[in-house]
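Next up: the structures, one after another.
Shared between the two complexes below is chain A, which has chain B as its partner in the first and chain C in the second.
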Partner chain A sequence: MSSKAFKQPASLRALSIGFMAFWLLLAAFPFLWTLWGSFKVELDFFSKADWTDALTGARTVAEKGTAFTGAGYEGAWVQEEFWRSVINTSIVCFCVVVTSLTIGTLGGYALSRSTYRYTFWLLIIALIFRAMPPITLVSGYLLPFFAWNLWGVLPTTIIVLVAINQPFTLWMLHSFFQKIPKELDESAKVDGCSQFQAFRHVIIPVMWPGVVTTGLFSFLLAYNDFAVTSMLLSKDNQTMVPKIASFLGTTQTEGNVMFAVASVVSATAPLFVLVMVFQRQIVSGLTAGAVKG
Partner chain B sequence: MQRSGLMQHKTFFWFFFPTATAMLLFIALPILSVVTQSLFTPHDQVFKIVESCGPFGCKQITSIDTEATDALKQARPLGQWSGLDVYLDRGHLAVSEVAAAWGASDSMGQFFKAIGNLPFYRAMSFTLTYTFVVTPLLIALGFMIALSVNSLHRHLKGLAIFFSLLPMIVTPLIGSLILFWMVDSRGVLGTGLQWLFSDPDLSLKASTSLTWVMLIVYGVWHSAPFAFVVFYAGLQTVPKETLESAMIDGATRWQQTRYVVIPHLMPLVTFVALIQLMDHFRVFEPIVGFNAEAHATSLSWIIFNDLGGETRLLSSASTTSVLTIIGVSILLSPVLVRTWRDFNAKG
Partner chain C sequence: MAEIQLRNVGKRWGSFVGVDNFDLTIKDREFLVLLGPSGCGKTTTMRMVAGLEDVSDGEILIDGQCVNDLDPKDRDVAMVFQSYALYPNMNVYENIRFPLKVRGIDPAEHDERVMKAADMVELREFLHRKPAELSGGQRQRVALARAIVRKPKVFLMDEPLSNLDAKLRVSTRAQIKNLSHELAVTTIYVTHDQIEAMTLADRVVVMKKGVVQQLGSPTDIYDKPANTFVASFIGSPAMNLIDGSVKNGAFTAEYTEITDIDLPEGPVTLGFRAEDATIAVTGQGQINAPVYAMELLGDATMISVRIGGALVSVKADKSFRVEIGETISISVPSEICHLFADKTGERIGD
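So, the complex of A and B:
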């Protein structure tokens, strides 16, 4: 917008900047407030007397001697063993992303290279599956998982999350592979490669931007899931989100809500880093589906 | 040469086999299983009559025959066939209750009030209100954010996009908890609202309509970034020549936006609306996060609640699941029609 004709009049400019400031405050303030408050005691974070206590930490100073305390974090990580959930979440996310991308890449590549009509129907079916809310599938899992003793353990949850992830992964990778010229692997096949060899030596080296973007969204799905993980994991194997939910039931009454606040901050921190590092990929991934039509 | 480009059926099959197996086993079969389970109810307890004789003569006692009950459960784990009974019962479509309410009510208002006490219709009324209020609001907010980010200096754009993405990326349950703690009557926003309305007892949690407003505000906050990102990408492709010629013709800035920018973004608006309608219909985490089930429930929340208790109410949960799937399918149909048209247009 360098052209002079597009210069905004001053009033509109002020309005636009004011609105931007308002939105950024709306988007960022809750996180900063909770981060700040997580280092206070409960009576400061929820201060009935004076809301500035949450900023200055008057009660925290009175109780702990300093304006910042790690008591919430200590309670969550050590006493309530939140670190177990962090490990479980790491395992689940890592396995889901790797498995989902491996089988999704093969499937998405096949969909983009076959010209038969059935690829269209497979994509339509994937679209229908993508629309199913995961929670509606859970009642279908419980009976067989109980019967075969598969309930409550991480591998079962990982496989379920991989499957739920597939429709989206296939759509995403299908459109990425379509942008890679077909001539690349066709010429490899003319030179005597099998389809898989063409995929292995010609496509894999150039597919990473699309795979990274898709992987980010697979990661987010696994990381953010609450419905499936809370229903399919036993108490010992809980991941972070169901663990935080369980804090609410038990600790709200004991006055240990700061455990939940501290673990919420702990669980949000990796997402901040993720957006910081991969902002460009997230934006391109979100628009990929839309711009296509 | 021409044929070599085509992927043969057999090759396609092996490439597609792993992902197809995963989806078949963990999406397609569970859907069938959910439909089947919704047609069965749990077994009744098996009673046995035992004659117990004491010093004052014999009497017959009816007690639960645990062994026989277990044996029955073992033999037929699905329960007993009930057809559509569960669909029609009080917890779901509540056909007889609705008919009774229809007969007893003098006005539509009274009728809806009576229906609002039935769990399914209560959940449905919130789910639909949420879906159809949040979607237009988030599109409007997303569009405004996109316009203002687009007019920012390019050094500030990256930062603005970073902060704008946060509400969407954050785990829904965590996002709703963060807002919930702030609007708590002892939290910073809750206190602010009490001061603003000079009502020291004001609590958003205590009132049904305020709870709905709170959830809707959360929904818009959480999803506006998606609309923003899509519209922002669309704004980059607005044809500059059209805008310039509109300006030469004397169009005001508002007219340019109204007659050039908005028509250009219209396909994206449809896309965002369709996706968001489907996603909001499954609203679930905010109800748990805001601890709002006393005032607002959704279909997904009912399923979760049925499955979460001590006794897992599988057939009730399955029935609600099937009803939810039907609802999602209705919202999905325009998306399918669009995909179908696009594919045929491409040839």
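So, the complex of A and C:
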């Protein structure tokens, strides 16, 4: 950055740093506000009289004796058994990621190495399915699922989420595999590998950045999905997102909204950790140096 | 140790012919170079031998065994790719060892063989580096070591030098020449560089648009090109070619009259090499034309004239000087001339 080409006048530097700081604050504000408010009571966080109550926690002090209370978390996790939703979400996410990555990796590799012209059309069809809103698929699924008594359970949701996810993972992994030069497979085959061994020994070790990135996106889709999970899961099997929505839906009881706020924070925090852990794999390109750059 | 036979081998994609009726026996321990411009089918031919490309017509035999339906791994060939194709996640040692490992060769032997191969290409101090940390020349040597570590029946090299800079290319070329002498393994080498072909080959196959133009030793191909394509492809500079006609035993073209040409009357293409012709005393040579360009090469001076649109070059002494536009006389006796038929470009006579 110290090179001459990137030299900036001090005023411009100050301006750009200021803008970055402002933008960061703006982007982080909703989360910080929610995090802060999740330790207050409902009448503070949603105060009609004075919005600063949400900051100072006047009612919280009056009701609980301190400015911060874990009542929202306790209500959500213990009373409403939010942990069940966390487990359900974990099961759904794990199964969706594993299934769609397995199919996506094998399929994407096959498509990227295929010399037939129909591969192009397969990918185009996949793109079209990807473009459709998930809810259009769900409405079609509902009736048969009721008829076959498949509605309301996790496996059904997992299958539907995989179906919605698959075109995207296939497309993304296909383009990752295309960036891995064909000479690597060919070299491995001449060196003594079968097609599968070439994939196993040579391609798998260099494909991780692509798989991790794709896996993360497919995880986020399953984790954040509302349309499918809210329509296809019974109340006992709800994952986190529909569970949060159901907290918000019952405003008659005071405090329930705070359960939602506390759950939102609980559901968001793991995402930060996840992206932090995998940021290196997401950015890196392991194939550097494989072929002449 | 293997003899490779290609029996009327062809490769087609739909109606496009990549390689047409390639028929050749490569002798045991021979170094054969496939030479031609890009898209001439030379790499396709090699890939068919490797098993990376299906054979459309004919059959390929290695050591008398038809390998058409064998997978690459079962053909016992080793290949060096133009792009090196090193395994980026493995270090140099693991890269070289990989063929031994996947072929289930006794692990006790691995270390010794890898070290021997690494020594042959002078890579010992880089064994623990990843390919990304090596220069282009070093990467190419890793690829060579990976090919020789296994002692295969056949070596295949697909333009191994074309990604290296000019200086490195010369030294690596010498290294390959030395290796091939030492290992004495049947080798097919693909290149578009005629100098590589001349220096390395026992025999050269010149190809154009999937068709073999000429097969012979480097000297054969240089001294007796089979047609105008080979003549214009081999040599630096390429052979001078002049379109003209023969009348009463003399070849005539613009500025040109060469006697003692023993051909019936009619149009013909005449060729000669720049180093065979000499500068003559004014008016005494067979070509008397204004100088188009003079280039100093260091060891010689290259004089060019334009005849009927074609550039004709002559190598003169390094101290020779002439002005552009000045008329110069070039001695082209009929003994140094090659004659090619007008339409087909085929060589006439010896």
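Assume the second predicted complex is superposed on the first by the 260 of 293 C-alpha atoms of A that agree within 3 Å, B and C clash if a C-alpha of one lies under 4 Å from a C-alpha of the other, contacts with A are read in each partner's own complex, and residues count from 1 in each chain.
As a convention for this text, a contact is a pair of C-beta atoms (placed from the backbone, for glycine too) under 8 Å apart; a residue touches a chain by one contact, two chains touch by 3 or more.
What you are looking at is a predicted structure, and each value in this text was computed from that prediction instead of being measured.
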Which of chain B and chain C A:193 touches, first, second, both or neither: second
Partner chain(s) touched by A:120 [first = chain B, second = chain C, both, neither]: first
Chain B versus chain C as contact partner of A:202, first or second or both or neither: second
Touch count on chain A, higher of chain B and chain C: B
Partner chain in contact with A:47 - chain B first, chain C second, else both or neither: first
Touching partner for A:184 - first (chain B), second (chain C), both, neither: second
First (chain B), second (chain C), both or neither touched by A:87: neither
Which superposed partner A:131 touches (first chain B, second chain C, both, neither): first
Chain A positions touched by chain B in one structure and by chain C in the second: 186, 189-190, 286-287, 289-291
Of all residues in chain A, those that touch chain C in their complex: 181, 183-184, 186-194, 197, 201-202, 205-206, 286-292
Residue numbers on chain B that touch chain A, as the complex places them: 1, 4-9, 11-12, 15-16, 18-20, 22-23, 25-34, 37, 77-78, 141, 144-145, 147-152, 158, 160-167, 169-174, 177-179, 181-182, 184, 186-188, 191-192, 221, 225-226, 229-230, 232-234, 237, 240, 243-244, 247, 253, 267-268, 271-272, 278, 281-282, 284-285, 288, 291, 300, 303-304, 307-308, 312, 314, 317-318, 321-322, 324-325, 328-329, 331-332, 335-336, 339-340, 342-343
Parts of chain C lying in touch with chain A, wherever the complex brings them together: 50-52, 71-73, 77-79, 81, 83-90, 98-99, 102-103, 130-134, 136, 139, 146, 150, 156, 163
Chain B contact footprint on chain A (complex, rising order): 1, 3, 5-6, 8-9, 12-13, 16-17, 19-20, 23-24, 26-28, 30-31, 33-34, 45-48, 51, 54, 102-104, 106-107, 109-111, 113-116, 120, 122-124, 126-129, 131-133, 135-144, 147, 159-160, 162-164, 166-167, 169-170, 182, 186, 189-190, 195-196, 220, 223-224, 226-227, 230-231, 241, 244-245, 248, 257, 260-261, 264, 267-268, 271-272, 274-276, 279, 282-283, 286-287, 289-291, 293
